[in-house]
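Look at the two complexes coming up: chain A is in both, with chain B in one and chain C in the other.
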Partner chain A sequence: DDAADWNLAAPAEFAKALLANRLRLAATAASPSSRVGHVTPSCLGGAAGSAISVLGNTKFACGVSASVVELSAAGTAAAAAGCHPLLAAGVVLNADLPPVCSRAFRPGPPSDLAQALTVQMSDALAQSGCLDAAQLTVGPRHRLQLHVDAVCLSADGSLPDACLLAVSAALANLCLPRLVVPADAGHDDSNSGPSVRSTAAADVGVRRCPSGEQFRPAVLRPGSAVICTSFVAIDNDQLLSVPDGREEALPGAAIVRVFTAGGGDLAVRVVSVQMVGEAASELVGRCCREAVERHAACLAGPLAR
Partner chain B sequence: NPDSLMTDILLNGRRVDGRRPNEHRLLRAQLGTQPQADGSALLEHGNSRLLATVHGPAQARAADLSPEEDCVLRVLYNKPPFASMTERRRRGRGDRKQDETALLIEEALGGVVLKQLYRRSQIEIRVLQSDGSELSAAINAVSLALMDAGVAMRGHLAAVTVGYCDQAPLVDLNSYEQSAGLPSLTVACVGQRVLHASVGARLHSQQLDPLLACASRACACVANQLGQDVKAHLLAACCFQSAA
Partner chain C sequence: MPLDRYRNTALVDGIDVRALPLAGDSPAPASQGKQQQQQQQHWFQRRLVQDTVGSGYVEFGDTKVLCSVHGPMEPKRSVLTDAGAEQSRAQLQVYYKLAPFASHQAGRVSYLPDETERRAASFLQDTLAPSLRLDRLPKSRIELHCLVLEDAGCCLATAVNCACLALVDAGLEMYDLVTAATVCRPVGATDWQLEVGDGSNSGGSSSVTLAYMRSLRQVAGMLVEAAEPLQPREVSAACRICEDPCKMTHSSLRQFLLDCLPADDRTAKIA
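Right, the complex of A and B next:
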């Protein structure tokens, strides 16, 4: 690969040429809203909700599976106090970067990057205000617990961008069998077991509706999404949006990731900003404005239903 | 009750999904889906979709080298948690089955890759699977990815899982039939040579020969079908090169 050889021999010149080329391309494309990627919803038959997102060379597959858990009143309060708010709402998020997506990842326990990605996305979803936990209740004592697994198929920069696109789309097209709770399914609270027990649906008496009807819980408020836009700031001056792997690794670059949430009835707002490296505040402000524009473009484009 | 089980699986000569006993599911392959890997393939096998990538040959780590300085093939097999709706979600790692599958694929490949051409090097094959579970689909995907990477092989390694129901062999079991506990055999072969055979449930010794014969024929068909996809990919690549 000629580019790789050039990079090895003269990294500084290669970086300058890459930047010049990219800025030329960016000038013609005119805005980060044009790099929104592509989402294929409901593509995996085995999952309750699924989506595959493609952003340049970065691809993520997200699947959602659901199980029924039983709550006890005392345990709920304790659990809500101690654990992550997303977990308290009933959504367990996990991002996986398996060895297939890139040469850099070895098999074994989740790498630091995978864990950081999981935490970033969980925080963004929890603080977004788009999550409607009430949709997950089933009867007075039971609740649906959603396991959202995002698996990277190909990693080439802007990982949270592609990952959140897939997660938003997968949560938007959840399709579950309707459940029926028998009226006398009561347990005494003095039971000293763990507060939230995960059991098969048959054990707790919650059954599928015999008609096989399905329902779509709107876990994300209709029309809304949580999206991340990454930027790379070079020398406090130039800004590249939605960078790929080579651009994220440019020397002297600061990476700014803006998480935005909203859409539908909710106004689009910036939920959090994460930075690696230094960048001037005007630049961060510009990133936020462009991220909000891109959010609207994503809602209109790949996430439109 | 075994009789009712058999009628569940095979009713009026048709299986659960409407196939006849000797029909394979839809097979479609795309090569070169991940440009940053040396070789990659996306295989659609009925409802399953498998992605296999090949990295290498590259320099082997000292710990992996065997004394004969032969080529080291490592297969990493990973199945995401949402892949099949019927299995319960695994807590923690639960990787034993995946490690075993990876080992079986490595052994099958050992007989087909020309290892002496790649001394002291390592070819890493990574398989990610979604929506279904079959060892044979994984082997098919891996051999396609190796072809895309240009790794020298003796021939096209194709695999198929056959089962036995009511004195008739069934070609290409789907997950319903596999979980029903039919006697099954997964066979991988190159041409006439059988490189890998593993038995799924209990198999009577008298059923083995007809099943092996059926499986070999089915492997030849699978190799033929996938070979057409490979040829189409190569032709498209050649046209692109000559036009550019």
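Right, the complex of A and C next:
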């Protein structure tokens, strides 16, 4: 009770006293497995691919929807707009922080944090080298377009970590109906990916296979994933991995976010490092090493296929 | 449709793969014939959201709804309302939203709220406000946020049950638990069927959602959606069918809340 009263009256001093004694109250500090997180794949029936990730008290739900677009119209639009590489590849990603997940977010347009999170996720996926856009091709004139929507259910720090965990798992569990493309005279469709040549000459557009057959496009290369690991550096001395909301808000602390990608045939590598505040280069190097280790643990644990 | 300038949007509008017609002249495959007569159970969970006063999560079949409560907080000033009335009772504000991937039917739900969601929020507000002791929290405002993760039928009734759970978890005084059920009448049918959360009988031509307070034996709210005008006896028949599921849900919710209490406090009964 005294500790709870002290935490209520002076949270900054309480947190410093805990850290001085090498103690953490974050839910992710309980065990190494809690810092890796937990994923429930294919849990939302309304989406073609879905996953719910739990990392401490932070929870994200990600759903992937697919639509068919004509290649000529999409290619022209991408070239003209100079758009983000992820959009040009046919993946539309949005991260949402609705008011249901925290008191800090209000109804209406997405907050600055939500927009920044969307940009972080898009850049990480585009730079990862794990996306295989060829899997989205449907015949010579059509392509699949994926809408990846990550919605936060509970926000308590390390938002990019939980968000990317859910996005990677949802893309890995994508399951679509088998599509049939119209037969173009004299055109070889043997390398057109997951489509099936139709013998009906009267087809004018893409159709679903009547047998109800389904296929799983490997949009993320098999065995690979894109992961984010957050750290909080205090006084260039202590390093807290996967911090909660209270630890991220500590005064004078630097936040380091390391984005890693790889797995399967691809070597695990650091894609980018984002830092808020100042931290020594040795500490940033240590963050990168621990992030690579956590990436391997995620591939072996919640993202194992 | 207003343009969403703050989010990534597709370069070209495509056709959802679920909306594509089947190849050849083959008719659409018959539904799997789910047995909807089997009574489905609710699954309740609370305290899922960290940074809120109270939260609740309910699954009914495949339908999944998450609610959280914020407040009491400073009320919104409105020049149109009477200042005295505004300050003597708390204001209840309800927000209702479907996740973009929530719909089982073809089509992704937009991030911008539409008329259906506004109507559902209005129904939730009108239904839950009478059950709350808002006079105990003068000069304040309570916000209830409802997010539907998956809509496989009976979505609005599940949202009412989830909202009630979240309000109880927030520690707000209530006259009684509010539970709801939905009946629907498919196109061409004459009898009402209880709507279940597996998508087998949702999307009918008419539906009636009834919110009921079992202990007080009062109807908290009713929403009728029909393509054609309904006779009063048809609506009465629908309400009578909804009453029993509402009572069963009330018992389940009450038992769940009792089980959440510490062992020493379980002798105290909730109204």
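To be clear about the criterion, the second predicted complex is superposed on the first by the 251 of 305 C-alpha atoms of A that agree within 3 Å, B and C clash if a C-alpha of one lies under 4 Å from a C-alpha of the other, contacts with A are read in each partner's own complex, and residues count from 1 in each chain.
The rule we apply is simple: contacts are C-beta pairs under 8 Å (C-beta built on N, C-alpha and C of every residue); 3 or more make two chains touch, one makes a residue touch a chain.
If you're wondering where the values come from, they're calculated on a predicted model, not measured in any experiment.
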- request: Sticking to the clash and touch definitions up top, decide whether chain B and chain C on chain A clash or fit.
  value: clash
Query: For A:V68, is the partner it touches chain B (first), chain C (second), both, or none of the two (neither)?
result: second
- request: Scan A:E290 for contacts with chain B and chain C and give back first, second, both or neither.
  value: neither
Task: Name the contact category of A:R208: first (chain B only), second (chain C only), both, or neither.
output: second
Message: With both structures fitted on chain A, tell me whether chain B or chain C touches more of chain A's residues.
response: C
Query: So, does A:Q145 touch the first partner chain B, the second partner chain C, both, or neither?
result: second
Task: Have a look at where A:L176 lands relative to chain B and chain C in the superposition and call it first, second, both or neither.
output: second
Message: Based on the A-chain superposition described above, do chain B and chain C contact any of the same residues on chain A, and if so which?
response: 44-48, 50, 57, 61, 63-65, 67, 94, 96, 98-100, 102-103, 107, 147, 149, 151, 153-154, 156, 200
Query: Which residues, counting only chain A, touch chain C once they are in their complex?
result: 44-48, 50, 57-59, 61, 63-70, 73-74, 77-78, 81, 83-84, 87-88, 92-94, 96, 98-104, 107, 109-110, 115, 118, 122, 144-145, 147, 149, 151, 153-156, 176-177, 179-180, 198, 200, 203, 205-210, 212, 245
Query: What residues of chain B sit close enough to touch chain A in their complex?
result: 34-37, 47, 49, 51-53, 55, 76, 78, 80-85, 88-89, 124, 126-128, 130-132
- line: In the complex, chain C touches chain A at residues 6-18, 20-24, 26, 29, 48-52, 62, 64, 66-68, 70, 95, 97, 99-104, 108, 111, 143, 145-147, 149-152, 199
Statement: Within their complex, chain A touches chain B through residues 44-48, 50, 57, 61, 63-65, 67, 94, 96, 98-100, 102-103, 107, 147, 149, 151, 153-154, 156, 200
